[in-house]
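Labels run A, B, C and D following the written order; every chain starts at residue 1.
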Amino acid sequence: MINYSIILGNLGNTCDRFLSSGYKTQPSKAEMIRQAAAIPGVRGVELVGSWDVTPANVDEMGGLLAKHGLSCVSIIPDHFSQQRWGKGAFTSKDPAIRAQAYEETCAAAEMARALKCPLINLWPGQEGYDYVFQSDYILDRRRTIEAVTKAAKAYPDIKFSLEYKPKEPRTHSTWARAADTLLVARETGQPNVGVTIDTGHSLVAGENIAEAAVLLSDFGKRLFHLHFNDNYRGWDDDMIVGSVHFVEFLELLFWLREVGYDGWYSMDQYPYREDGQGALRNSVEFLQSLETMLDEGAMKELRGLIAEGDAVKSTAWFRAKVFGRR
Amino acid sequence: MINYSIILGNLGNTCDRFLSSGYKTQPSKAEMIRQAAAIPGVRGVELVGSWDVTPANVDEMGGLLAKHGLSCVSIIPDHFSQQRWGKGAFTSKDPAIRAQAYEETCAAAEMARALKCPLINLWPGQEGYDYVFQSDYILDRRRTIEAVTKAAKAYPDIKFSLEYKPKEPRTHSTWARAADTLLVARETGQPNVGVTIDTGHSLVAGENIAEAAVLLSDFGKRLFHLHFNDNYRGWDDDMIVGSVHFVEFLELLFWLREVGYDGWYSMDQYPYREDGQGALRNSVEFLQSLETMLDEGAMKELRGLIAEGDAVKSTAWFRAKVFGRR
Amino acid sequence: MINYSIILGNLGNTCDRFLSSGYKTQPSKAEMIRQAAAIPGVRGVELVGSWDVTPANVDEMGGLLAKHGLSCVSIIPDHFSQQRWGKGAFTSKDPAIRAQAYEETCAAAEMARALKCPLINLWPGQEGYDYVFQSDYILDRRRTIEAVTKAAKAYPDIKFSLEYKPKEPRTHSTWARAADTLLVARETGQPNVGVTIDTGHSLVAGENIAEAAVLLSDFGKRLFHLHFNDNYRGWDDDMIVGSVHFVEFLELLFWLREVGYDGWYSMDQYPYREDGQGALRNSVEFLQSLETMLDEGAMKELRGLIAEGDAVKSTAWFRAKVFGRR
Amino acid sequence: MINYSIILGNLGNTCDRFLSSGYKTQPSKAEMIRQAAAIPGVRGVELVGSWDVTPANVDEMGGLLAKHGLSCVSIIPDHFSQQRWGKGAFTSKDPAIRAQAYEETCAAAEMARALKCPLINLWPGQEGYDYVFQSDYILDRRRTIEAVTKAAKAYPDIKFSLEYKPKEPRTHSTWARAADTLLVARETGQPNVGVTIDTGHSLVAGENIAEAAVLLSDFGKRLFHLHFNDNYRGWDDDMIVGSVHFVEFLELLFWLREVGYDGWYSMDQYPYREDGQGALRNSVEFLQSLETMLDEGAMKELRGLIAEGDAVKSTAWFRAKVFGRR
């Protein structure tokens, strides 16, 4: 039984650097939660600090979620949407900002406890650099390790999942790829620190998503969370899942079963010009459709195909599955 | 009725710079032609100069093709596999080499006449440059225009189709993208000069293949020929069609119908480690499967979806087509 | 004598989709113009519609520019920063929006006349598509050609320069690459329609910038304008010129001389986290430094190196130029 | 004092999949060694199994090297140039091939001992996969770990350095990026296993090379070896160092000093159409020129610039260094 969720803000307005006021209008939180609950299969939401949830409204949000039967799957602390984080949060050259970044993390963990949310998804997007000779690569990585370790020790009942992304908003992120970030997670020495794969970030990193998922699982069960979206491999386009890639997602779902991943399958998109609910619903339905392809017979056949490694056979298998044997 | 063909050499041995003796063994020409004819749907082959066909064996090849009911769809003059072309053929800084490149083109045209083949596919792969300050961009382009114009005038009964590719074996090719090459074709002023899309080259160029096909068709019916293969968008991996991309090929086939393309659908792969015949058969079968999706009802629905431009609806349409409406 | 200019807004606040309120504070227009004029070598500015200039403030802007001895080099009509353009301007599926896009262009042309500005730089950023089956490639391109033709005829005293960009804010832009856009410019049949190269857009398109400049110049003197910035080839990072690429810019400046380009060298950056004036000044100084490398002796040597095409010699030449012969 | 070396085969003939007989002629080994020794600064060579060195000629090679005062810096076992390795060496699905891959490694280690060569550079290029559903990601990685561990234990006096590369000849390599490969090296538990950075591979992987070098050094001193070449970030073009990138190499050399790297700086190129010796000499001279920029004053200034992180200042610093302060 797959647990699908969405990031709540995906139902709201979206902007970019050219149209900063946004492509759409912003619905109320109550409306967004209602829309989320109405997507068949969706049983949880992720909340972003500042944007969706703050200490001031956390109880209200808890009430709204409960009313619609939704779990809070994760909280993403806001380390990116305020001017003070512009040159880094955990890695800011200013110790006061670094302290605030840690406090923001703790505040998110407190809200998580209040909402019975098991996981903090850390995406400190401003961590990194834009130019050569701008980052002290040793110090910056260590500072993120130090902050995460401290938070993980302070909140041992909460999972901290590090979301990597090769770039944007910085031209180079500190947590850029699966293996880099796994090294950071392991270095904390804390069992409650793992890694989030955002499928779009993984594609931009040049990774095969399924291989990244296996890597994180096989080196110590560190795959904690998943964000789903699609793109053209060059940028984090945050599109409807399955609108570009198909067989890669099938391979990912196959391997998630093989490694026993039991976390949430969370949608994370930026439907700039699309109806948000429709875009998210399509993504969930695509993944559900893929799951129907992966019955026990198919799982067994795929294991055999992988063992053999013959691309003529595996492409024929996929084609037959999709179009029927002829 | 779609006409499928293959490049004959795809059934032979394949090598790369690390394993120059090749991954497989080389079958005889007769055997390759027999294998080609045995792929359901395939009714033509393309022949590469030096590798497949020379003035010395052209009659023999014609006999073999006739025996197996195959047409010669195109001839690709060898402007790339000999040391003399290493620094350019039409754009060589040596006038003797430029003259030889033209002669090679004429020899191919003569063979085409002998085989009743309607088209010369020009892929002068060594044209271009590797380093900055290495090419005279004006002169090099003009030299290719001059040579093609001369050949097109000399053989007005033959179509000359220019195959573009952004890179490899040079880091930058002279005919790199669809529009660049269309400019060259138009500049010749000859109606029998057009452009070949190799789907993999188009992906590496960052193009949407369907859009490139429309561009070449809409600016004066210059889409003359098509090579099919698949890749991961970063390099000309020459893989089985449909092994990576799916919906993009559907869109391409849709638009080929819309613009009235009536040329061949030719497979062009490098099955380094795969059974060649199986790899090509899979590609043809994938394209045939896509064609079955494009019945009149689907064509009409797609025209409506494009007119509306709503990605939620079009992705839902695609999913329903593949998995059935639920 | 090179004419350097900047895009005025580069001195203002900058935002992205994660930090939509911006990384900095917004100075007044008077302050930005003062800063622009204070950059040694800068003698002109480009103004963006809505952001910098409107019919209501055009006289005031003219006065400010005159006061600081700056020319208005180009006006960029706002076809991107308002919600109404979100799904396209010239290519909107709504005829009312298309009409407004044309009116916006005319309004910019009127302002240009008022400011004695010779050029409208058209970057209709929302033109294009995000998903397959979303654009009618024939219709969309034709609609841009139609609108540009009409404007060029209505304002024959104004140059209309089409700025291409492969993507962003759409995943695929209608005017994506140099040659595609040259085809559009030529199709208008108007001599006052040309193409703008943004060096960063060209890099993202996988082009060699110098080659693109030569192409646009050699096929009918259609290179009308230049925007300078730098990036890592994967995205329009809009960085300080020379912070990533070096020898490519030298090659570009060399060829701009060879083809007799006599337009402006305009800086177009997004210094998100940097002092805007400092970032622009650095870019101009880098280009000025390169110009000092290109004295008559060097131009002659480079012509010789290109004629010879030996990368060992050209890389040695470059190294000797930079580090001194040893 | 920097120790420069070259890969001997770089002085020989080079081929690709289109011109498999090669672009040049093959000199004798004696001639190549003579040429290597004649490049100022070069004091060592790397030898490739099969191509350069075999148990049959190892003594002869040792004699030639000694005669010219060259050290054998590393041996690269041949795991890629024979048909038997075509579908993988350590990860072959055939246990006999896996055994042979291990034997080849041991044979290289024996030759290393005979030549007093301290390091085996493992680049098992055929390890990986081309298609989805072709690799058992768990098993394949484990098999490489197992083989390397066994070899490292058997030859504790030899360093084993794992060279990563994202792709080619496979579309996806098993050791693809710095951090992935560091995980493999650490997993062996052997102190004599580390990682080789090939600068071109790192660029293709989307890494900042300097950051990768710091990562490998900071997580346990695992940076064992360096291969230098340049490319356009999309493919392993194996070009002259400095022909594309400049400031990135300066940053790399800076950080190599900071982390105390004391291994060889080895050139690894494919000068398809260039004079091999000239291409290698240019690379060494470029790196030597960069070293002269990094005097103690510059090192100190750069540390300050990194601590401050202001791109306006660092780009100005670089420009002043190159062009002189004005």
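Points worth noting:
Everything below uses one rule, namely that a contact is a pair of C-beta atoms (placed from the backbone, for glycine too) under 8 Å apart; a residue touches a chain by one contact, two chains touch by 3 or more.
Note that the structure is a prediction, hence the values are computed from the model and not measured.
Taking A-C and B-C together, the chain pair joined by more C-beta contacts is B-C. The equivalent interface to B-D, defined as the listed pair sharing over half of its contact pairs by residue number with it, is A-C out of C-D, A-C or A-D.
Centre-to-centre separation of chain B and chain C, using mean CA positions: 35 Å.
Averaging C-alpha coordinates per chain places the centre of chain A 40 Å away from that of chain B. Counting partner chains per residue, chain D has residues 87, 130-132, 206, 232, 234, 239-240, 243, 247-248, 273, 311, 315, 318 touching two or more of them.
Interface of chain D with chain A (complex): residues 87, 93, 129-138, 141, 166, 172, 176-180, 182-183, 187, 205-206, 208, 210-211, 214-215, 218-219, 247-248, 250-251, 254-255, 302, 305-309, 311, 314-315, 317-318. Those residues of chain D whose C-beta lies close enough to touch chain B in the complex are 14-24, 80-83, 85-87, 125, 130-132, 167-169, 171, 231-232, 234-235, 237, 239-240, 243, 270, 272-273. Put simply, chain D touches chain C in their complex at residues 206, 232-234, 239-240, 242-244, 246-248, 273-275, 278-279, 282, 285-286, 289, 292, 310-312, 315-316, 318-319, 322-323.
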